[in-house]
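Below is one structure, written out as structure tokens; comments come after it.
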Amino acid sequence: MILKTVPGVSGRIKRLEIQGATNIAISAVKALSQELRDFEGSKEEVDHVLIEATRMLVESRATEPMMRNGLKYIRSHLTAEAPSSRDSFKEVVTQIEERILEMYQGGRQRIMEIGAKRIRDGDIILTHCHSSAVTGSLMLAHEMGKKFKVINTETRPKYQGRITSRELVEAGIDTTIIVDSAASHYMKEVDFVIVGCDALTSEGNIINKIGTSQVALAAYEARIPFYVLGTLLKFEPITIHGHYEAIEERNTDEIWADSPEGLNIRNPAFDVTRRDYVSGLISEEGIISPHSILEAIHRHYPWLLD
Amino acid sequence: MILKTVPGVSGRIKRLEIQGATNIAISAVKALSQELRDFEGSKEEVDHVLIEATRMLVESRATEPMMRNGLKYIRSHLTAEAPSSRDSFKEVVTQIEERILEMYQGGRQRIMEIGAKRIRDGDIILTHCHSSAVTGSLMLAHEMGKKFKVINTETRPKYQGRITSRELVEAGIDTTIIVDSAASHYMKEVDFVIVGCDALTSEGNIINKIGTSQVALAAYEARIPFYVLGTLLKFEPITIHGHYEAIEERNTDEIWADSPEGLNIRNPAFDVTRRDYVSGLISEEGIISPHSILEAIHRHYPWLLD
Amino acid sequence: MILKTVPGVSGRIKRLEIQGATNIAISAVKALSQELRDFEGSKEEVDHVLIEATRMLVESRATEPMMRNGLKYIRSHLTAEAPSSRDSFKEVVTQIEERILEMYQGGRQRIMEIGAKRIRDGDIILTHCHSSAVTGSLMLAHEMGKKFKVINTETRPKYQGRITSRELVEAGIDTTIIVDSAASHYMKEVDFVIVGCDALTSEGNIINKIGTSQVALAAYEARIPFYVLGTLLKFEPITIHGHYEAIEERNTDEIWADSPEGLNIRNPAFDVTRRDYVSGLISEEGIISPHSILEAIHRHYPWLLD
Amino acid sequence: MILKTVPGVSGRIKRLEIQGATNIAISAVKALSQELRDFEGSKEEVDHVLIEATRMLVESRATEPMMRNGLKYIRSHLTAEAPSSRDSFKEVVTQIEERILEMYQGGRQRIMEIGAKRIRDGDIILTHCHSSAVTGSLMLAHEMGKKFKVINTETRPKYQGRITSRELVEAGIDTTIIVDSAASHYMKEVDFVIVGCDALTSEGNIINKIGTSQVALAAYEARIPFYVLGTLLKFEPITIHGHYEAIEERNTDEIWADSPEGLNIRNPAFDVTRRDYVSGLISEEGIISPHSILEAIHRHYPWLLD
Amino acid sequence: MILKTVPGVSGRIKRLEIQGATNIAISAVKALSQELRDFEGSKEEVDHVLIEATRMLVESRATEPMMRNGLKYIRSHLTAEAPSSRDSFKEVVTQIEERILEMYQGGRQRIMEIGAKRIRDGDIILTHCHSSAVTGSLMLAHEMGKKFKVINTETRPKYQGRITSRELVEAGIDTTIIVDSAASHYMKEVDFVIVGCDALTSEGNIINKIGTSQVALAAYEARIPFYVLGTLLKFEPITIHGHYEAIEERNTDEIWADSPEGLNIRNPAFDVTRRDYVSGLISEEGIISPHSILEAIHRHYPWLLD
Amino acid sequence: MILKTVPGVSGRIKRLEIQGATNIAISAVKALSQELRDFEGSKEEVDHVLIEATRMLVESRATEPMMRNGLKYIRSHLTAEAPSSRDSFKEVVTQIEERILEMYQGGRQRIMEIGAKRIRDGDIILTHCHSSAVTGSLMLAHEMGKKFKVINTETRPKYQGRITSRELVEAGIDTTIIVDSAASHYMKEVDFVIVGCDALTSEGNIINKIGTSQVALAAYEARIPFYVLGTLLKFEPITIHGHYEAIEERNTDEIWADSPEGLNIRNPAFDVTRRDYVSGLISEEGIISPHSILEAIHRHYPWLLD
């Protein structure tokens, strides 16, 4: 069995050429759909391709439930709709693919609009790392004529905060960059914090870029609202069953390339923010309490829980 | 009136060629003493030199109470001891200088010894930025044969944490460096946090390198003891009278040299850690509650309060 | 188009001749129904009346989601049930009106019964402002033979607490009135706090008479249970979509009529109490966690979320 | 009317010969089913037996919602399925009984598996009292090859902790017993706490063996996750309606048999742990936030709320 | 024995014609001194006058340690300095009186200056009730050219906040009055809170006008600094010995003159604010931690502790 | 060198025949004094006896600073007062012994009186373990005619709470005993908690019987005042210098004599209560904040810090 599309996409995800939870999820869904449409073989062989291609994509990056959920949607709906002929199979794959991409796209648009409404004239908003949904939401508010300022952290070690700064400055938004350690110092001036997320757990906790839990804690201590903006499709179903979400640990050269011999370097990519520090999750369901995540999944995406 | 020694030292402090609260204080005290000994002139002119030289040194760096307190000690003791002749004047200056330097040196040694005693076999200790008293204390404990590990932050934007890492690795201590944002993530593994300080206020708060308050908050949240190591001579007397300690804001190139046009960058050098997050101040008086700082000053360095 | 009933009712709401969330909602629903039944005109003209009359009622008072939700129920069910003839139209309006009034009445009764069950012999209960559901619940418990005492605040600036005191004393309940500032002082003697509410948000926060958040905070600090008693029909749907609930600001003469020239007076009618301070919401669904409000709405009043 | 089976079982429950929420519930369900099958009489008399036998079982032990819920399931389903003949009646009783027992058994297995997954190599887990679901979960993890240690309290006055210790030591698990007062002292070494429960309330609070709330508080203070393991069938429906769950008070000889005359002894069997201290409820629905208990009941066991 | 001056002053204090801790203390000290100077009699009779006059003044108002401390100063210093002749007695009384009045006056001036320094351009400052030291401090800052705004509560039941408003508006300061219940609502806009005080206890707690503890709690919750401005002479020595400071309860007509029959009204004049909510006590010693009050007394006013 | 008295006393302390911090301290001081008086030898030999006897007593029991401080007092005052002849030596030893015993006795009496004043009619007071100062204080209040009730824990594993119960019941005080785990359950009924202590640290923390920190935490959570009653002579000077106070671990048979093979048992005798949970330390200085312990030592027992 030779896969045509998936290995290439999988490699680009591994090398960070494709990044961001949504981008990765879209690319993986498209790659799997393409692979299935291109494949010529028996029903049994198709199942084999489905399993193998999914495995390869899943292993390209840990801590990516949004991608895993997309791939799961394809598999479970293909089974449920059981296309009988080769032609109808291709058609069904395309229909399923379109439904997911629309779920992604529609959810994203709705989330950005809700986030934009939270912003008032005169607000100072702090964000950490880079989330295209967060910057999208800020730019939407700016287009609506709202006057506000943004403070964003540089986000060591990969400086994704600089991407955030650049996008916002180009959009004409008043933006100030600070080191990660200065978040607490500026918290008193801030009206609210807004960050993206990579994964949601069944207890209502949030997994996002390393440092998010520190920003959340500083916000809570200063009694500043802390919002998380993200689709419910980032929910990690295995956390219901007692498993822990894995935290990816990345290359130490990102922190200090020519470090002295004998020095240990640790470089976890994400941390966990406790539900008690999250004022609200801005999702395609509206702004909800993080305690209700599992209930919202039950109602909105029941197939995620099978 | 031409000053000989002070302008040079003052310039080197300004350009960060001399740095660290203790080094700055020692250099300034020596420079002022030398200036006074070298000066040939009337009693009135000496007073003028004293005032002018002090002003120049004080202005070379904000947020440096330890230096200001040393200069104040010279002035107030010169007045109190009122040497009558030219020769006795030079001698008195030298005696006063020696007393201060011994206060600095003796206090430092005592603080490092107490800090070293706090460390137990098997401990994991987290520190932020670089403090020669903290690394001195850790190296002393290592020489005493204690087995422990250190986690230290890299401390953006100037990476002083790398100096800490290098010193400890060279001393043979098991050391791990992390980004500032990962402090909270590793806090659960830590046995206690220890940091230096730049200034102490009359309400019992601590001023130290930007990010210290975030580390303290994460330690408090995780119920990990948080110790501050520093001489009482870093007490800032003007805070008693209602003034605020100024927070130095540094050059933005330290954060992002080729940043996009229009982007604001803020770069405060220090932040304030509330006394409630400090388990104990390790001082030349022993380990004391930060609530008692002012009392300890009253008893130990009453001249600071004149 | 000339409206017959709505302008009069709308004016009486504006002048506070009709007040209390439930009374206002009932009057507005009845007025709109009457207006619709009385109107003689084309289908298109009816739609116009519906829109115009609703707008006028909504604008008569801000921070009144219960009224807005009632008017929305009429509009959405009229559309869904699409009566074809003039006669059936009048009949359908009447049926819809009756359904709402029964929802209001049935919910209210159930809430008062649950509240009454919470009360035990010997309890001391503190309340703020005047809520007819709260006093109704207390009087029901009294009729059931329970022995308890009530402490209520006077509730500046309109002294609605005096209405509460008067109703309870007339019912034979042992009642003590205090100034608003004394709530914290007496909290240690209190067994639980119970208040009404004006609006509920999608994050689970509670909007009620100014001062409620202070009482809730004092109760939380003293570890006294704090209950909110109110129908889920006070849920504010626009908060899901990122909007903020508006806080009505009232006439300053209520605070100080002959105040010195140049003095500013602020007189907000409501404040927001954070979900973390609310032990339970006593609703027609039973006693629920405020984190579950949105879920309860999804199940109980799905039309509210359209 | 003479009952054959129920009086004996009821007596054994009263004398603690049958104990543990699950054992009691199973025995009571079996006894009532047997009683109904054995009874020969008219439809009306059967109803009488059902009521009388249920009453007797319910009164055998307070604070046992799991038993009450099981008996309620029989009654409500018997009514709904309305068997017409004598024979079909016996068959329906048996079917209902089997369904409950399977709900009990299936839920229990699933809960133990989820609990076992939460355990990681190297963990130190603290538990209080004896819960067969907790020890079952620990033994399952041990069989799966996980290496961990358990600390358990002795649990005065009945020393149920010794049963826990014995079971775990026999299973080959590294176990340490401490006095109840030492829980807080050892909390810093613990990775998470896990306890069983006797009842769940509509506000999300947990009722379990006396001392549980102290362990939960110490865990919260030390920022250690605190899990409760139990089936949703322990939900107490009357708490929705404003009633308080009763707390059983037991014989004082359990504390001090030959105590001095005049000394009072209080011996409550359970206490209430606030939802804020519970990281997650490990249930047959997965790990859920305690704020969502009522929602989970609505979805999973709607008959509980009739 | 007939007292000439004291009974009149004592009566005016009782009828609130003289009010404010400082005014009462000054009047009482002057009255007792005058009484002693005017009295013609034996040494023994003088002692009797001293005791009787002191008792009468002390009883004129509870919760007034500043007055009691002043009277104690006269008594203890008269004894210590033991004037031998009639003339020297009068002179010594006058000297002691002057020393106290200067202590009062000098401390007050110093406190107001420190308070004024805390204020920065652009600050919004909230205060509760009326304290002449607080308004004095604000007016001093205004004279120094600082631009700031004040929000003050009306302070039911006696509306002392209107006195504060009037004084500040007349001084040209931008002032806004709100009801007591709105303090929490406006806290987010506030930079710091400053209030006066009536008594200080040995544990470091603050006794001030009813409602102060609620404002302090709201400030703490919102993480806004809360300062108390007052002389150490308000320290209550009996609290060291385990006694409780009495809380005066005032006439209920102040709250509701024509209240319904059977209604209880409670009207405590003061409440206790826990030291943990006080950022700093602005005293004649500078800004100190409330934890250090007893230490400051030991050093500054040792005679208070005899 | 043969010691006559000390070995016997030291053995009785080891075997718990002498117990309680005060009893142990008195016995040790008397034993050392007797040993010194009985000894006949050269000045040098006396020094040797002093050192050896002190070492033996100190080693008889860990966590006993009050004893160590008493022995230190003898040594340092013997050196300072340097008696020249044999006879004067014996006399000086006796004088020093008397001074210590009076310090112990006077302090104890004063502490019990202050504690008794804290108690009001109607109070319910909770205590843990047995402290003769606490029961003495309660009995004193009872003799003064105060009406109050006591709840005390049984205090596993040695049931010292039964000694407390017995003493109080015999004195005619209304007393209720509960298991240690029930402390949190009854906390809501309690007016304040009072416990003794074994050691005080320079940071202001309290070391007392295992379980004290749990009781303190429950009191703090319920916002109930928590008092510690003990002489400042229990201060542990080495904690100033960075050392940790050792926590004695006792025989495991105290917990479970016939435990299953392979079971670990841990039995620490004491735990550490953080200063933040202590409302006040009732000492011979009055009721002081635990933050001020070191200051009080500086002023009251400066020799402790040499």
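Going in written order, the chains are labelled A, B, C, D, E and F, and every chain counts its residues from 1.
Everything below uses one rule, namely that contacts are C-beta pairs under 8 Å (C-beta built on N, C-alpha and C of every residue); 3 or more make two chains touch, one makes a residue touch a chain.
On a predicted model such as this, the values are computed, not experimentally measured, just so you know.
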| item | value |
| --- | --- |
| Copies chain F and chain B - interface residue numbers shared by over half, same or different | different |
| C-alpha-based rotation, chain C on chain D, 0 to 180 degrees, nearest 5 | 120 |
| Computed distance of Cα centres, chain E from chain C, in Å | 43 |
| Euclidean distance of C-alpha centroids - chain E vs chain F, Å | 39 |
| Shared interface positions of chain F, touching two or more other chains | 221, 289, 291-292, 295 |
| Every chain pair meeting the contact rule | A-B, A-C, A-D, A-E, B-D, B-E, B-F, C-D, C-E, C-F, D-F, E-F |
| Residues of chain B defined as touching chain F within the complex | 113-118, 120, 279-280, 282, 285-289, 291-292, 295, 299 |
| Complex interface listing, chain E residues touching chain F | 202-204, 239-244, 275, 289, 291-292, 294-295, 298 |
| For the chain A and chain E complex, residues of the former touching the latter | 188, 221-223 |
| Of chain C, residues touching chain E in the complex | 151, 153-157, 162, 165-166, 169-170, 174-186, 209-211, 213-214, 217-218, 221, 255-256, 259-268, 271 |
